[in-house]
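Following are the structures in question.
Both of the next two complexes hold subunit A, though its partner changes from subunit B to subunit C.
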Partner chain A sequence: MGLLSLLRKFQKEADREVRILLLGLDNAGKTTILKALADEDITHIMPTQGFNIKSVATTGFKLNVWDIGGQKKIRPYWKNYFENTDVLIYVIDSTDKKRFDETGVELLELLEEEKLSKVPVLIYANKQDLLKSVKPSEIATALQLSSAIRDRQWQIQACSALTKEGIKDGMEWVYSSLGAQKKK
Partner chain B sequence: MFGWLVRLIVSFLDVLREVLASVLGESTGKIVDWLSWKLSGTHKIQRISSSYKGLDKMRRIEKCLANSRHKELQDFREYTSVSELSATILKVKNIAAAKDPEFIARIDTTFHPMCEINKLTKEATILKRTKYDVENEEHEMTLLSLWNSLQPDRELESRVSEAWGDIGFQGNDPATDFRGMGILGLQNLHYLAKYKKTGSKLLAASNHPQYGFSLAITSINLTAVLMQMLESGLLRSHFYFKCSHGGSRSVTMNDLHEAHCSILTDFVKFYQDRKPATIMEFNTHKAAYTETLKDKLSSDSPLLETVQ
Partner chain C sequence: MGNLLGFCYKSETVLQKEEDTKPVFSWDKREDLDPADYCFEDLEGVTRGKLPGQINGQQFSIENCKDCILFVLDNVASLTVDDCTNCVIFIGPSKGSVFIRDCTDVKLAVCCQQFRTRDCKRIDTYLHSNTQPIIESSVGMKFACLQINYPLLADQVKSSGVSLFNNEWSNIYDFTPVEHNSNFSLLPETAKFDTYLTEEHISSISSSNKVAFSSHNSLFPLTVGTHSRDGFGNTALLSVFLGQVDDYVEVHKLLKTVQNCECRLRRSKETRMNTDTVIRIYGESERSQNFNKFAKDGPVIGFEVEGDIDTLRSTLPELQGVLVYLSTDKTSSKDINNFFNYVDMTMST
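After this line comes the complex of A and B, so read on.
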């Protein structure tokens, strides 16, 4: 291998493009997380009809983050975005206990998708800044995550998109899961 | 006796100023302004006031104030009282009544629409920041009135219900969808539903098998576009035009609701004309529409059509 191609390979490695899919029910906080990742203003977030996409450059990666609307009418379109996904980020509103079942069912369906098989899953237990939020460990139990998620890396991370607390820790996990993927 | 010559030279300088400012920058423009002032003894704002009319005049005055070196004048959008704004201009520019009685006589009329728009902008910003509160009876009543206006023949069985999806909310409780635009989002949508025939037409259009969309959240998205236009200043042209051509003296919250009805109707037509393959194209078309709206509001006919 010549020096030039070695350099090229190195550069390619350094700028690895990563496709991240942000899913979850409506009002979970997907768009707020997307904007928080891109360091944008999060004070006036609209309900998403369709999707938003942002590219975020970080050390070693160029993240292309796809945020798809979560309302029931739009969920059938989620599958159009599965292809070539490197990491799935699933967002849960930790205060919306009434919809834990609904969000659990949606997550299970995603885990059964062939195009998403083996794709690492980060679950953001969002809105932890609110008093009535449920702890991630309780959410994991309620949704029976440890028995439901097999054959892939996964992590549940407490966060608040509003205060940005926990967002970074979640992303650290995403990077490490990408590193592990590369070795395979 | 050379008054006419001075006026001629100064009007030439005013044109030259625009050219120089655009080529060499604002500071060069300011030197020309200073020269004009020395020659004629009048400030630019006085000359604009006597030479231009209507929207053109207000756009030039706003530009002139925004470019001022005085902070009090740069912040012209902060004034909601016309007497306060007039007094500030006269004081900062040191314009004495004896020197330009015409300007003084007109000043309140000239700046009245500006203060009306400023007031509306402040009120709208407060509403935008007011969160929907399920404990607030007025909020809840408005929400129910919204349902009854759009679905007159159908009773809402419970406050939290899947039925909200039929008028275009995302989930079972509309409260969460108002997060971005607060009570302003609700009021805009409610005004459309209750007072406009177009409301039911748009609801029918939203159920189109292929080019359908969710009406309520589309309305909230367009409220955000509207606020973006108001905050950036572009929507001011629509109101100035309305004041100068429609002869209306005040600019009220209803005028903002009307503007929302207008751009929402306009957007729906724009969206459906483009024959989107699926709803997933929504944001692409919204972005394209926002650009055409910006162009319209920057043009010489920025008036948004009133819908029925």
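After this line comes the complex of A and C, so read on.
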């Protein structure tokens, strides 16, 4: 199933706007994921200085994806975007072992945010296509995700924004988490 | 249900389902490569190199090296340089980002899609970056336009997808600016990367790969970027419509002419254009109709040239299979604005 047909599926089953927040450290691949979601060219992407938004829309359904720059200096501004978030997508550069601690700390801080409480979290273990990538299961262990994430739905998904593999699988989980949310 | 779906070692039914539908990704079938062959780590006082074909577009990393000369004459997927001191480093074209962290006193020559630094001190970078370079928490950063060539570089650039003509080397964005001072500056226009090297360094890496860091035969065009104009003649827009030609031999011929008639390039961009855009930039005329035919089939390159434009106009060479446009005194400033505003707008994400 292509991304488009997946989105059509969204369209049939969910008749609302969904606000998705895309966060993670600088160089994690957030903008490349954003562009992959919108089916846009990914060969010319510059480091994000502020934020990018894309609406991936089909009739009656709209994914509003907010991609916020991840430099240390601008992480304090992430909180300006928390309000009304339906799903948090947290992107990790799976090859950047040097900063696993740093990305883990940032994620934990996000999980403690009042405005993001109970918001489902999809963690994209990005750059799996690269030689030095660490498997999602190892990242989950290194970041102690199963003990750190409580009281919310979460998933870690291997992906490569470059080859677009795994992106769709992650979005399917996003969809199922929204469905579960609705039933509450 | 969160944890079950998230990390499902617990529920057998969920596990079963996962296995049945588990997609096979390209990385599940990756050939068995030894990561140790794709890095330089913990080296001190040595010269080391990787030759064309040894890295083949894989990810590369350099970590914890001191007083070293390090060369990678091959293209890479991405590069990280961490915790290095007093090193001279050259890396071939990087399809993705080059990320320099916690380094001090490094001389670096790189061409890449993205260039980023954090927590660095005194890095001289000879740079060709397709997008705006960014620095964060870095001081004493100096930049120059990368000039280099060696026999397989053109092929490596092509397979990396790096554009030869999109170079933002001098357009630095600083995430952590300080008052009354700048964390970055440009190296003098006369700065040369090979002053950090001796013939022995290069020949010890490879005698068969003639690496030249001179602007004479550089594959990447020399642009002056944000260096001051110093009354360097007039300016004009020089455009090349490549059409169906898929190499840059003719463009390099043209650039030789530019050099020979005392002109220089301030900036250059490569882009694709549709009919509307061609007309918006070059005006509605018979000429634009012709441009359109070419723009449909291939990229358009634009150079802002400065110097003796009249001499350049009278010595423009005959080129095979491509169209060349040089703006006139009347149109130059409008053409330059139209072209570069369009490109900056379409490429700003």
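Rule of thumb we're sticking to: the second predicted complex is superposed on the first by the 165 of 184 C-alpha atoms of A that agree within 3 Å, B and C clash if a C-alpha of one lies under 4 Å from a C-alpha of the other, contacts with A are read in each partner's own complex, and residues count from 1 in each chain.
Operating definition for what follows: contacts are C-beta pairs under 8 Å (C-beta built on N, C-alpha and C of every residue); 3 or more make two chains touch, one makes a residue touch a chain.
Note that this is a predicted model, so its numbers are computed, not measured.
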Q: With everything superposed onto subunit A, say whether subunit B and subunit C fit together or clash.
A: clash
Q | Partner chain(s) touched by A:L131 [first = subunit B, second = subunit C, both, neither] | A | second
Q: For A:E113, decide between first (touching subunit B), second (touching subunit C), both and neither.
A: neither
Q.
Contacts for A:I156 in the overlay, against subunit B (first) and subunit C (second): which applies, first, second, both or neither?
A. second
Q) Which partner does A:T95 reach: the first (subunit B), the second (subunit C), both, or neither? A) second
Q: Please indicate which partner A:L145 is in contact with in the superposed arrangement: first for subunit B, second for subunit C, both, or neither.
A: second
Q: Based on the superposed arrangement, let me know which partner A:I74 touches: subunit B (first), subunit C (second), both, or neither?
A: both
Q: Using the touch definition from the top, say if A:G166 reaches subunit B (first), subunit C (second), both or neither.
A: second
Q. In the superposed arrangement, does subunit B or subunit C reach more residues of subunit A?
A. C
Q: Run through 5-13, 95-103 or 203-211 for subunit C and report the one that clashes with subunit B in the overlay.
A: 95-103
Q: Could you tell me which stretches of subunit A are touched by subunit B in one complex and by subunit C in the other?
A: 26-27, 44-47, 49, 52, 71-74
(Q) If we count contacts the way the header does, which residues on subunit B are in touch with subunit A in the complex? (A) 128, 165, 170-171, 176-177, 179-181, 213-214, 217-218, 220-221, 224, 227, 278-284
(Q) For the complex, give me every residue of subunit C touching subunit A. (A) 1-3, 5-7, 23, 25-27, 30, 33, 35, 38, 58-59, 61, 77-78, 80, 82, 96-97, 99, 101, 113-114, 116, 118, 130-132, 134, 136-137, 161, 163, 166, 173, 175-176, 347-349
(Q) Which residues of subunit A touch subunit C once you look at their complex with the stated criterion? (A) 26-27, 31, 35, 43-47, 49, 52, 71-74, 95-96, 98, 120, 128-133, 137, 140, 145-146, 149, 151-156, 158, 160, 162-163, 165-166, 169, 173, 176-177, 180
Q. What does subunit A use to touch subunit B in their complex?
A. 25-27, 44-52, 69-74, 77, 80
